[in-house]
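The following block contains the structure, expressed as structure tokens.
We call the chains A, B and C, going by the order they appear; numbering starts again at 1 in every chain.
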């Protein structure tokens, strides 16, 4: 008599199809050993948005009654396995306004498992993952985050690797044979994918995490008002207009305090203020109004508001002035401009180390041209392929001139 | 409480921004909306109110820029904003303008020009709300702007095809299948041309693309200044529905213009004026092949060569056959042309 | 055309007595209320109100933005938005026109838009029919509209003024629909007292949108998309506003009597010969006329029959109605509406009263009648038949809950 509850935390749209494959795969794999199951998405996440964290769930149980017991909730209150298919989710999840910053391991039961796809070390991830008041296991699959869009799927085997890994984590529910059988029956299944699942099963790395380990930051949260505290007429006060940065110069907009959006970000712009020509393009083209205008006329991307779309890099006319860098190599949301103002030399060193890291500056955020995924996956399929970036406008500021 | 002001139906005089450095620094639509990474429509919202300034009321009909933008009990709006029903952008603009006008001319509210902008998506504007927009564009005594942000699908409800979805595109209502490769075989409505041609007293209709931010803002400023009901159609690349890396929103906007798929023009008091790269095309610059645009988007990944050719031919027709290229699809009979020609 | 028929009686120097239809009476009230924005779209029978208003506009008596919309959906949306920027607004429709505006009707209560609308009750299509049925107005009974029914020109004028006073009260801020049966709006003119503007100004303050005003001086965001974390709280607020409306309505009628020297003591329903009634018939709207005539005939023959004509349906005057009805020996509820598949197949009013009586100490036998659909005449014979059945139930001390259809060819 038992049940296994899994959540898949994923990037909206980019990984929507991936998450659906994983949760379906869990249920159909468990079915091979006679279990009952259900796969569902958190209704409130729909419609998903590119990058905004969302959740799918899979529950498998020995009996229909046990299944029902766990289904009678909008969202499970605790899960045996949290699956995060992008390791930048380790910094926390804010899916909606007023949700606050929710640690990635928030729902993981004591001694449960947090399974992630990541190329980072355990220690590096634990700098980001919030502390938990119970021990749990951190399990890593060595793979990059798999991103694609709604219509064209990136067949990099991530979904089967997760299933293979789960067979190791919860063998009582998912046998490796059951997983293999289920994969073969999927319309997207193949023998090669079964092999990938087996490999992942064999290569899964796991480590115990104690209560003292993890990011000590207290995540922000909000208390929702009671019905009589809310303004009538479905009305709320507007945001104030914002003010100059300092001594009447520059401009910092006021921002929505209840939805910061930075957990949507998987890459962030790193700005070379010394080469900035103050052309305004990053500022004016940013859909999220994340650039603060500095007193000297440069633009500082506010890291609480930036969601990492990369448009600023694409429109910046100066080579290497704005470079998108993977979120995992940063530890906080501090202002780059303030860092630069305090210590220009120190900033240069910091910036160069960030944008010089080839692994951290390769961008893979979905479809760019037809045939791209197939080409990328021709080599090194085991690690999720090799991204093609040449010739993409904005990518690493290639071919741009003032 | 009557204010001692004299009512006039004047508009705010919003001179064009002369260059990007002269653009208003303040944000009237700010961070903290819940749109996709690289959402061009969110950018349109930001630029729209940057152009209009603080004395503006914005009405937003149901769609992405309502659902994703403003999640209760929060807001990204600095200027007053109100939701209106999916097909109601026209009525919302008209009702708001009429309310203000009534109160001002009766001395119940301080008389001043307040910009009224109602926006709609392509579903709300070109499908459901077409009738109400059309009606509003005939009410010449009420100053308002209707801005259609066209991301070419019902993007908010998870990408269903609309009357503005391009030929053949993949949507959740038109999935390419083994038997039917293309379910959606209708050609997109010509909204700006329709609005300009059908409403002789609407003084200003324009098409814009946020990839050209300053020009886009200046069209908004012109529409608000000229007065009466006005209409702007904005083409907004949508990383979610079109399936591309959000970084490329800006580039796809440019490509839509450069391939001639989406023309940039304004119609002021009946006169058609092309601008930007469209003007260059009219003046003879070659259009880029549509495949450069289409094959960068996952929604066309199922296209065969014949589909690309059909698409190209339809776009060619807009430029080569239409009486007013890319604006009005009428073709005069040769006999008529001859009769009208100067003797 | 309104013609002054006689000088105002002493003590009411400034009142005028006019011979006008219900539609004209509403237009008189709107002029006195200094309406700001009004939208029109044709459908019988409500459109006669707009015809009367259009004359007021072209004649210069009423200064307002008068907009002929391209459909009911826009008609209601336009005034909704005008109301949010502080304008006093009016609108209306009938039958399927009201249905066409349905989306716009359901959004006004949560937005707390105090629009006043006139519903010229009309049967729903198909078949297209002009005659009265109350189903059109009743479709909004659950969503937060204040609903009342009128049946004289005087009541039309008075209720329109009261409607703005109630709807625009900050404690309420809810939309209000005044329902009226077709014929009296269009086909009958009655002597009606029209008060002077000075009195109306004493009674009806300016509409003040207050903290909900959509204006650059009061920057707010109105009605963003909400997820499941918020909606039930918003509904709870709406429920409270409807509950507060009860006191506001009583206040408004008391003040109306003070200022104008007329109007009912009991705002909620009219009681006709109920003091000693053994059988009380209940109905809404102009159905009261044949019932009153029949009651007088029956009383002449020794039958003690009375009538309760409901004015207010939302908020429903539960306690007062129970007190008035539970003393009778039998009740006959005559619905000019239907609710197919409802409990016992009864009309809407009958089942509301059944529910209201559930906790009453005394529950008389209750009979449900459906009558006069599609504008079919409600005859004295229909009323006699209903009364006979009520007396039989009173004698038996119980009632068969089945619903009786009256005046149907069988």
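As a working rule, a contact is a pair of C-beta atoms (placed from the backbone, for glycine too) under 8 Å apart; a residue touches a chain by one contact, two chains touch by 3 or more.
Since this is a predicted model, take the numbers as computed values, not measurements.
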Interface with the most contact pairs, given as the two chains involved: A-B
Chain whose averaged C-alpha position falls nearest the assembly-wide average: B
Averaged-CA centre spacing for the pair chain B and chain A, given as whole angstrom: 32
Rounded Å distance, chain A centre to chain C centre (Cα mean): 56
Centroid spacing, where centroids are CA-atom means, of chain B and chain C in whole angstrom: 43
Multi-chain contact sites of chain C, meaning residues that touch two or more partners: 219-224, 226-227, 230
Residues within chain B bordering two or more other chains: 54, 67-68, 71-75, 77-81
Per-residue multi-chain contacts in chain A, two or more chains: 96, 98, 224-225, 230, 234, 236, 238
In the complex, chain C residues that touch chain B: 34, 36-37, 63-65, 67, 69-71, 73-74, 77-87, 89, 103-104, 107, 206, 214-216, 218-227, 230
Residue ranges of chain B in contact with chain C within the complex: 1, 54-57, 59, 66-75, 77-85, 87-88, 90-92, 94-96, 98-103, 105-106, 108-109, 114, 131-132, 134-135, 139
Interfacial residue positions of chain A with respect to chain B in the complex: 12-13, 46-52, 96-98, 148-152, 224-225, 230, 234, 236, 238-242, 251, 253-261, 264, 279-281, 284-290, 293, 302, 305, 307-311, 313-315, 324, 363, 365-370, 392-395
Residues of chain B defined as touching chain A within the complex: 20-21, 23, 25-40, 42-43, 46-47, 54, 67-68, 71-81, 155-159, 170, 210, 213-214, 239-241, 243-251, 295-301
Residue numbers on chain A that touch chain C, as the complex places them: 43-44, 74, 96, 98, 224-228, 230-238
